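Inspection log for the structure reproduced underneath, given as structure tokens.
Should a chain be cited, it is by its letter among A, B, C, D and E, assigned in written order, with residues numbered from 1 in that chain.
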């Protein structure tokens, strides 16, 4: 029994077992369920903490189980995976607290929390996957685990959204599978390796590799909601707020983006990718997505849909950062993986609070809501400014590095994309802030509920406040040790070793 | 009910079918004609081993010794068909034939003869044409004749005793075949010294089972259930 | 210690069980269950024996081929026996609750006969003996379909019987030609003697046609959906999981051992076999499309599941044009995964039918939520059928895709992808109804917990098969049924 | 000797053609009863063919089972299928197909 | 030796004829007859070709196979006839109707 070989598996199991137990738990055992959820989340945070510390000190954590002859199921902790694992573990805790409050007394909680935990299991698995087949395994598990969450409400709209989601993701998964196997037949290995494992292949294979790259990115791009594969995401907004928060900030879209990072860095290798000439098209697709989705966001009245389009746009920052070949941009992209997660989850928490407390779903109903729910709207404001990229918030750090990276790599056009997108971000966030803080309330709210002492239930209020503070801290203390920024630098030194 | 049922298929399709089947038939014929004119198959082996098979009729040797396993499974098929028929229940089995005087006297005459023929076939099978299947089916014919004459199995025998008689063939094969394993042999491996006796035993129980099964198949439904309902 | 004749026991035990069940109808369920458990243990014993000693040949009657009949166990037949034992045990447990005594007393002897026939078939090394086991299997299967009574089931059973007999006769004609060409019906001897000749070609044509009919490969699948959908649920499960696979197994066995003519000069025959393989692959691809589309169009759950079997059978034939060890292993793994998953699925459908009294997909929202275990079983089995990880279906799909790409015939792999998406579509068409809840129009039937749990256990097994693939794959290597190296 | 072989061959040819003809008549006969009777005749001719092929065991089996018992089974089935004189066939269940048509 | 092939060819002819009738006819009793005639065709091929032994007694193994086959055939026929009668009593017709499976009956 070696701790180093079991820790990655334990991290996955800490939520998987919780999920399985919750599935068989009777509906009315809500105390037990909450204890299990929070206990699992806390345990995972502790384990991840140990792991982060270990990785920083050069420990090598790896679980390896035979899956097929010649192919193992590998869970490995490396610097990049730590970034995502830590994000998932941390935000899972908060989202669980939030979800417990949000779903109080609603039906089917066993099912909901079971799949919720399964979702986190899959996300953590995606993060820790040490080769492409393990990644694929958890990636598809994520598809399956999120489907019941999207259709949770069981309405016709929910079912339709679920269907759309499946059509996109299953098709994407199929492409990913095809590309993975193709790659395997070429190389005989699928292990993620710093700076890739394909550059040694004979150059006659290069055209095939380009096709495989396109297949992989398309397959992953579905979840990362790259234009034009983003169609499922706005529809999926019918899901309950904690699900939207989880889907958009942590689990699904990030799994896609993270997968793209893995493919570009640890399968192809960034320099090899650049030599194949596939990075520039990827950057252009990301840039188009950023601008297009921001424009679409401008015209959404439904708050969650606007946030959804904002997500589509923001996730592509990460991809843009990857595709601009250069260490600075890489830092920007990777750090945005965390920063965007923290900021976007804040926004979704707040949107959920508005819906749950006042019945507000549309921006046109938000007049003066800041006076009724000041804490919530304060958190929202921090998140929104972060998204726009205002200093000293987390978003600013990401954009700063992206911009520097673009200049460093000689891709000056990116600056215009960043600037344009920031303007558009401001264009769709500032009006919300304006109406909610400065307009007079309309008199009554669509469906107000009273929660006693605070403006809303404590379980609903605390998570966005915490994440907002986090977004602020991540910006202010960006250079502190173990901050995402420092960690991203750490990763980059590995990928761009001289 | 003079409808031959052919009218359901249009002529064009039928012509197409004919063409296809003609092609198939030509292929089959070609295959047959391409076979060598001389091919003794396994007859050499069958004759070589006839002395230790326990019988002198080679067909019986194949059926009851060389390939006794096939025969064992085949008794299974017969029993299974009966199980299937019984599980279906019977539509129209209430139909009772009223035996005319001719049938009645005919059966009185024929049944003893058939039983004797069956006994002969069973005995002759070891060295001349005949054997369990022929004997069983002749005996079965006697049973059918009895049924036609209005005879019905006694209610007391319709349950377990009848069932035991039906499974006798399969059961004895399985039991004896398995017992032969014990002294270190193989399934259904008859020691040459006992082979003749064992084959006679098998043939006898098989004859009985086959006869009763065939008669029961003719009857159509489980007599036990028929009485109950 | 006396050498255990497990090979014989796994044939004799179910026959004995059938006889006992037949003799004492009142104790039929108990006898049946005891037999099932004993049989499962015996197959484990045989597995252990084969693992210790390698492939086994057993001369029934002590004669040995060519005069006598040989039984032969290698990795391939052992896997089939294990699949049968696992599915058989599950079906036995399920059926012990499913049938009331008036039908149980017919079900058990027939089912144990069928089980004996399957085991005998997988163990036989003699093509005529295989004919007898085929008939034994076919008659038992038909009688089991007819067990549900009613016009649809009886008509379906009748059609199934005719098809089954027709297929057997085609096969038997092939046996006749092979025997009269080479003077033996033993597979091993034939594999040494067979050469390219008109008679062999016609024999191959007849046997392949007959077996395809029994395996229900498109377009010869017409009899399968009515038979599999109108039979009682446990019977549907065993038909889809085991019976169609048995004729596939024979086809595969003949293809690998009798048809390839490895000892003749490669040339004309190899080319011919290549052509036939391509045709089988094409039919498989058509089956994938047709089965998938038809499954999507169905309004009744059991018919949907039955058409899904048509699709999955198509998958199996995609391995023929690939002709590689990985491809065959993939097909066998697919067979294993499909058997387990389809059992779970038919059981789930049976539970829904039991509970709601109908299986109209559009009205499933009345039922699905009230049977969470059953629905989970359906969903998990669906994941394996779709080939999503982690599941047995995924492993199979991975191997098959790998074989397709490695052989340079990636288009067969594409059919797998398409089939997976179609499967996803029809599985989620059903699952989608699980999240809404409507009122029941009438008093629900009582579903014994045992039936729900068995379905779930089988579905979980289909998932677990995705995590322990090396074991069965290594088992398949015993006796190298697929040849030593890549052909 | 030569003449005998010729005669035998002629007999074989006639027997073979008779078999085919009877089979055809059996299958084409518009009346079911006639078809069954023809089938029994076919079975008996088959037995003759077996004898000719030096397969007396098969001939016995064919005569007893193939022609005899199968014939009896077919005839009973027909009598149960077409209850001409006996109108007491349970037909409580109205066939659905007629309702549809 | 030519008569051997003559009988084998007759066997093939019976096989083809039976197959044609099996497909063409709708009435189940005719289908059952057709299957039986097909079977006889196969048996004829098996036994006829077994006589290719030039003077010696014919190969007994195919004979035994055919006897097995005849018993299998009569078993199958019995089951088929019983099934036919049940189909007839449920549907009123002794044919395979091609109705869509709209209704489930359990």
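As a working rule, a contact is a pair of C-beta atoms (placed from the backbone, for glycine too) under 8 Å apart; a residue touches a chain by one contact, two chains touch by 3 or more.
This structure is a prediction, so every number in the text was calculated from the model and none was measured.
Trainee: Which chain lies the greatest distance away from chain B when centres are computed from Cα atoms alone?
Mentor: A
Trainee: If you tally the C-beta contacts for C-E and for A-C, which one comes out higher?
Mentor: C-E
Trainee: Measuring centre to centre with C-alpha atoms, which chain is farthest from chain E?
Mentor: Here the answer is chain A, farthest from chain E.
Trainee: Select the chain whose centre, defined as the mean of its C-alpha atoms, is least distant from the mean of all protein C-alpha atoms.
Mentor: Closest to the centre of all protein C-alpha atoms: chain C.
Trainee: Between chain A and chain D, what is the separation of their C-alpha centroids in Å?
Mentor: Chain centroid spacing, chain A to chain D, equals 76 Å.
Trainee: Roughly how far is chain B from chain C, going centre to centre by Cα mean, in whole Å?
Mentor: Chain centroid spacing, chain B to chain C, equals 29 Å.
Trainee: What's the distance between the Cα centroids of chain A and chain E, rounded to whole Å?
Mentor: 66
Trainee: How big is the gap, in whole Å, between where the Cα atoms of chain B centre and where those of chain D centre?
Mentor: Result: the chain centres lie 18 Å from each other.
Trainee: Please set out, as single numbers or ranges, the residues of chain C touching at least two other chains.
Mentor: 128, 132, 135, 139, 142-143, 146, 151, 173, 177, 179-180
Trainee: Got the chain E residues that touch at least 2 other chains?
Mentor: Residues 9, 13, 15, 19-20, 25, 27, 30, 32, 45, 49-50, 52, 57-58, 61-65, 67-68, 70-72, 74-76, 78-79, 82-86, 88-91, 97, 103.
Trainee: Give the residues of chain A touching no fewer than two other chains, as numbers and ranges.
Mentor: none
Trainee: Write out the stretch or stretches of chain E touching chain C in their complex.
Mentor: My answer: residues 15, 19, 22, 28, 31-32, 35, 38-39, 41-42, 45-46, 49-50, 52, 61-62, 65, 68-69, 72, 75-76, 79-80, 83-84, 86-87, 90-91, 96-97, 101, 103-106.
Trainee: For chain A, which residues count as touching chain C in their complex?
Mentor: Residues in contact with chain C: 23, 65-69, 73, 111, 133, 136-137, 140-141, 143-144, 147-148, 151-155, 158-159, 162-163, 166, 170-171, 173-174, 177-178, 181-182, 184-185.
Trainee: So in the complex, which bits of chain C are touching chain E?
Mentor: The touching residues are 128, 132, 135, 139, 142-143, 146, 148-155, 157-159, 161-162, 165-166, 169, 172-173, 176-177, 179-180, 225-226, 229-230, 232, 300, 302-303, 353, 358-359.
Trainee: Okay, in this complex, where on chain B does chain D touch?
Mentor: Residues 1-2, 4, 57, 59-60, 91-95, 121, 129-131, 133-134, 137-138, 140-141, 144, 214, 217-218, 220.
Trainee: With touch defined as at the start, can you tell me which chain C residues reach chain B in the complex?
Mentor: It is residues 5, 8, 12, 15-16, 19, 22-24, 58-63, 66-69, 106, 109-110, 113, 116-117, 120, 128-129, 132-133, 135-136, 139-140, 142-143, 146-147, 173, 177, 179-181, 183-184, 197-199, 201-203, 205 of chain C that touch chain B.
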